[in-house]
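In the two assemblies presented below, chain A is common to both, partnered first by chain B and then by chain C.
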Partner chain A sequence: MSIEYTPMRLDGKRILVTGAASGIGRATAILASQLGAQLILCDRNQDGLCAVASECPGSQSLVLDLTDVAALKARVAECVTEFGKLDGLAHIAGRPYISPLKTVDRDRFDDVLHLNSYAGLNLAQLFSSRRIGNDGGSIVFVSSVYANVGSAANVGYAMSKGAVQSMTKALAVELSGKKVRVNCVAPGFVQTEMSEAISAYFDSAHEGEVDKLAPLGTGKPEDVANMVCFLLSDAARWITGAIMAVDGGFTAQ
Partner chain B sequence: MDKNAFLDELANILDEANVEDAANLRDYPSWDSLAVLSIVALADSKFGFTLKFPDVKGLTTVADLWAFFEKNRTK
Partner chain C sequence: MSEIREWALVTGASSGIGRSVAIELSQRYNLVLNGRNAARLEETKAACCLDAEVCLYPFDLSNVDALSNDFTVFMRDKGLRVASFVHCAGVSRLLPVRSTKLGDIRDTFSTNVFAPFLIVQTLASRRINGDALKSVVFISSNISNRGSKAFAAYGASKSGLDGLMRCLAVELAPNVRVNSVLPGAVRTRMTESIFANEEVVARMKSQYPLGLGQACNIADAVSFLLSDKASWITGQQITVDGGATINITG
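Moving on to the complex of A and B:
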């Protein structure tokens, strides 16, 4: 027996993926492409973006610093004119910030907040315009378990990711009139270039400790990409304002 | 950031009125993993280099730490 309708498919949907050059963004782009989506891939890293684009046939690439709001608005508008209006947005670009309270630096914190939180708000603002996004679309943000679970030396990152969860709920209500769904994934510790950069600060004993944080161990970018694509798809058509933990059971403890 | 400003920052991290060149870092009561992370963050934000935990293990005195910062700083 064949299944004729598979709601997880993304055929015909035009989706903007930020942070697409690496980690969860890269895995999401590749999976969404395999599920039939047409993609606009966005990242600062041109080489990484080229590599991912080669795995996503028909995709367009936007090399862009998301904290440059004027450039973001102009470039996304240009892309939509050429490519067509968007049905989905996955804001995955993000940056860690390890610092105990005493050394939290305002400039560095502003950078983190800008990319992790404000950029999502700016993108949602664009997406909610009928010139850019179609009614009935889906926005997916990426937060973190550390928005909900305290950890030392992480206050700046936790605040930036907590804001993403608050934004998700507020926008889910505000954009419901346009049938735009807004959801958020809260990953646990995932093996990515970002987590490797953090691990580089520590010695090798740290790696074993990280793997014990969650009952199911450390995740892979694909584990989170599965949830992002589900939320982008029609299979999630009655889900909005949700914070989905994808954390190997970390927050079940 | 010059040496005096660095010593002020370090004293703040270690909850001391001041710190001395010859003092052993591990003799300060507030020396712990969070203090080390604060020093790592200081290296990143004010001196423009990545200080790693294993690097810190090889440093003994305040003067050693400053010398390491001086050698590796990019700003």
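Moving on to the complex of A and C:
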């Protein structure tokens, strides 16, 4: 056992994590809590959120549909008034949208954009307000390698995650005056509830192929959570506007 | 739980980012420190954590013809197994294309590209290093993906280094992870000539949303990439530059 690495401390930092009930959001919440953060956990899945909250001592839970902008603003503001101003925001909630171009449906695509892109923008807007977020804070968005590489029947998801990367860079410059850092993690194929739902679309003949996509195979939620927490921590204090691929080497090929 | 200190090799450890990386890593690794100047390597060693075993390897990496042989002999003599390698040594000669000589290009590429190629080759050799090598980080530059006046040789070498990084990442997976850190302007011995010019410093400051950086900012990213917290990250350029490359507002 080599000596453990622990410089990315989050002691005393108040951080809002969306999508905290499962997958990468859940792993991030648990790791951030272990690193000393006080958390507001946000998800629409109440049962999942309760389970995660029990592993994050002192956390507050916010059962919320992030696509409901009015509710989002009111509830987060209310929660922060009680909890204290935020030092970090990790917007991890997201949903896939597998559909060939021919069947892309405006309403369903809107739902995906509302959660994957607009919710991040609304949260950043809240975070940048003096009532909600502290100067010198850190925002981390989760995009996807599919914002950078093409794949069939994935146009809606790819567009929603591409927007996240553009938003990251624009906001990094705009919010630098407040010393708020804005970065983005672009995961490859990670074993989560969401990716299992996607795998259901794959032909059974292709089972096991996913593991061969990346030189280091399929990832775990904790692999991505490590990078999210690094970017939230002071170890990343000179990093802003960066897109960090955590993909087992998928995009290096 | 017994804690075993693995060995890490840091090139360019006599000053700047290399020294800062060495000091940071000495908290949990034993170190092989490479640099041209033995006296300055001793200064770095003196600043390292006392728990770390530190071994000096003074060698001029631009001497690429002798490097593989010399480094192999060093590894054999010390009986070392190196788990992590950080290439911080860099040559930067800022010259307009018209006044760049072949020797300038050769020296730049020797230290910045050929040397890390040969060192990884040696460390990936089972005969010399067993299967000890786990993680490699190259210090590239945020110029790697961009263009700038007087940066032709340096910029090309850093793009070459990142190309090498990606190919090594794919070829050596899953046993070895290989990544680059792309720093922005950090004041070191190497960049002293740039920082000596107040006009240039003022211009850079206006382009860096989070201000100019310090060597420890880079060392923190290196430390993260080497650790098992980054065990699914390979083949990536990690930019640490205070937002300079994404800022076009100046």
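Throughout what follows, the second predicted complex is superposed on the first by the 243 of 253 C-alpha atoms of A that agree within 3 Å, B and C clash if a C-alpha of one lies under 4 Å from a C-alpha of the other, contacts with A are read in each partner's own complex, and residues count from 1 in each chain.
Just so it is clear, a contact is a pair of C-beta atoms (placed from the backbone, for glycine too) under 8 Å apart; a residue touches a chain by one contact, two chains touch by 3 or more.
Just so we're clear, the structure is a prediction, and the values are computed from it rather than from any experiment.
Trainee: Specify the outcome, clash or fit, for chain B and chain C once both structures are aligned onto chain A.
Mentor: In the superposition, chain B and chain C stay clear of each other.
Trainee: Counting residues of chain A in contact, which comes out ahead: chain B or chain C?
Mentor: Larger number of chain A residues touched: C.
Trainee: How wide is the angle at chain A between chain B and chain C, using CA centres, rounded to the nearest 10°?
Mentor: Placing chain A at the corner, the angle measures out to 120 degrees.
Trainee: Would you sort A:Ile98 into first (chain B), second (chain C), both or neither based on which partner it touches?
Mentor: First partner only, chain B.
Trainee: Examine A:Arg108 and indicate which partner it touches, taking first as chain B and second as chain C; both and neither are also allowed.
Mentor: So A:Arg108 only meets chain B here.
Trainee: For A:Ala152, is the partner it touches chain B (first), chain C (second), both, or none of the two (neither)?
Mentor: The first partner, chain B, only.
Trainee: By the touch definition at the top of the document, which applies to A:Asp247: first (chain B), second (chain C), both, or neither?
Mentor: second
Trainee: With both complexes superposed on chain A, which partner does A:Phe230 reach: first (chain B), second (chain C), both or neither?
Mentor: The answer is second: A:Phe230 touches chain C but not chain B.
Trainee: Could you state the shortest Cα distance, in Å, between chain B and chain C after the structures are superposed?
Mentor: 29
Trainee: Between chain B and chain C, which residues of chain A are contacted by each of them?
Mentor: No residue of chain A touches both chain B and chain C.
Trainee: Along chain C, where are the residues that touch chain A in the complex?
Mentor: Listed in rising order, the residues of chain C that touch chain A are 1-6, 27-29, 83, 166, 169-170, 173-174, 177, 184, 209-210, 213-214, 217, 220-221, 223-224, 226-236, 238-243, 245-247, 249.
Trainee: Sort out for me which residues of chain A touch chain C in the complex.
Mentor: 1-5, 7-8, 169, 172-173, 176, 179, 181, 215-217, 219-220, 223-224, 226-227, 230, 235-242, 244-249, 251-253
Trainee: Help me check something: in the complex, which residues belonging to chain A touch chain B?
Mentor: On the chain A side, the touching residues are 98-100, 102-105, 107-108, 152-153, 200-203, 206.
Trainee: Write out the stretch or stretches of chain B touching chain A in their complex.
Mentor: 9, 12-13, 34-35, 37-38, 40-42, 44-46, 50-54, 57
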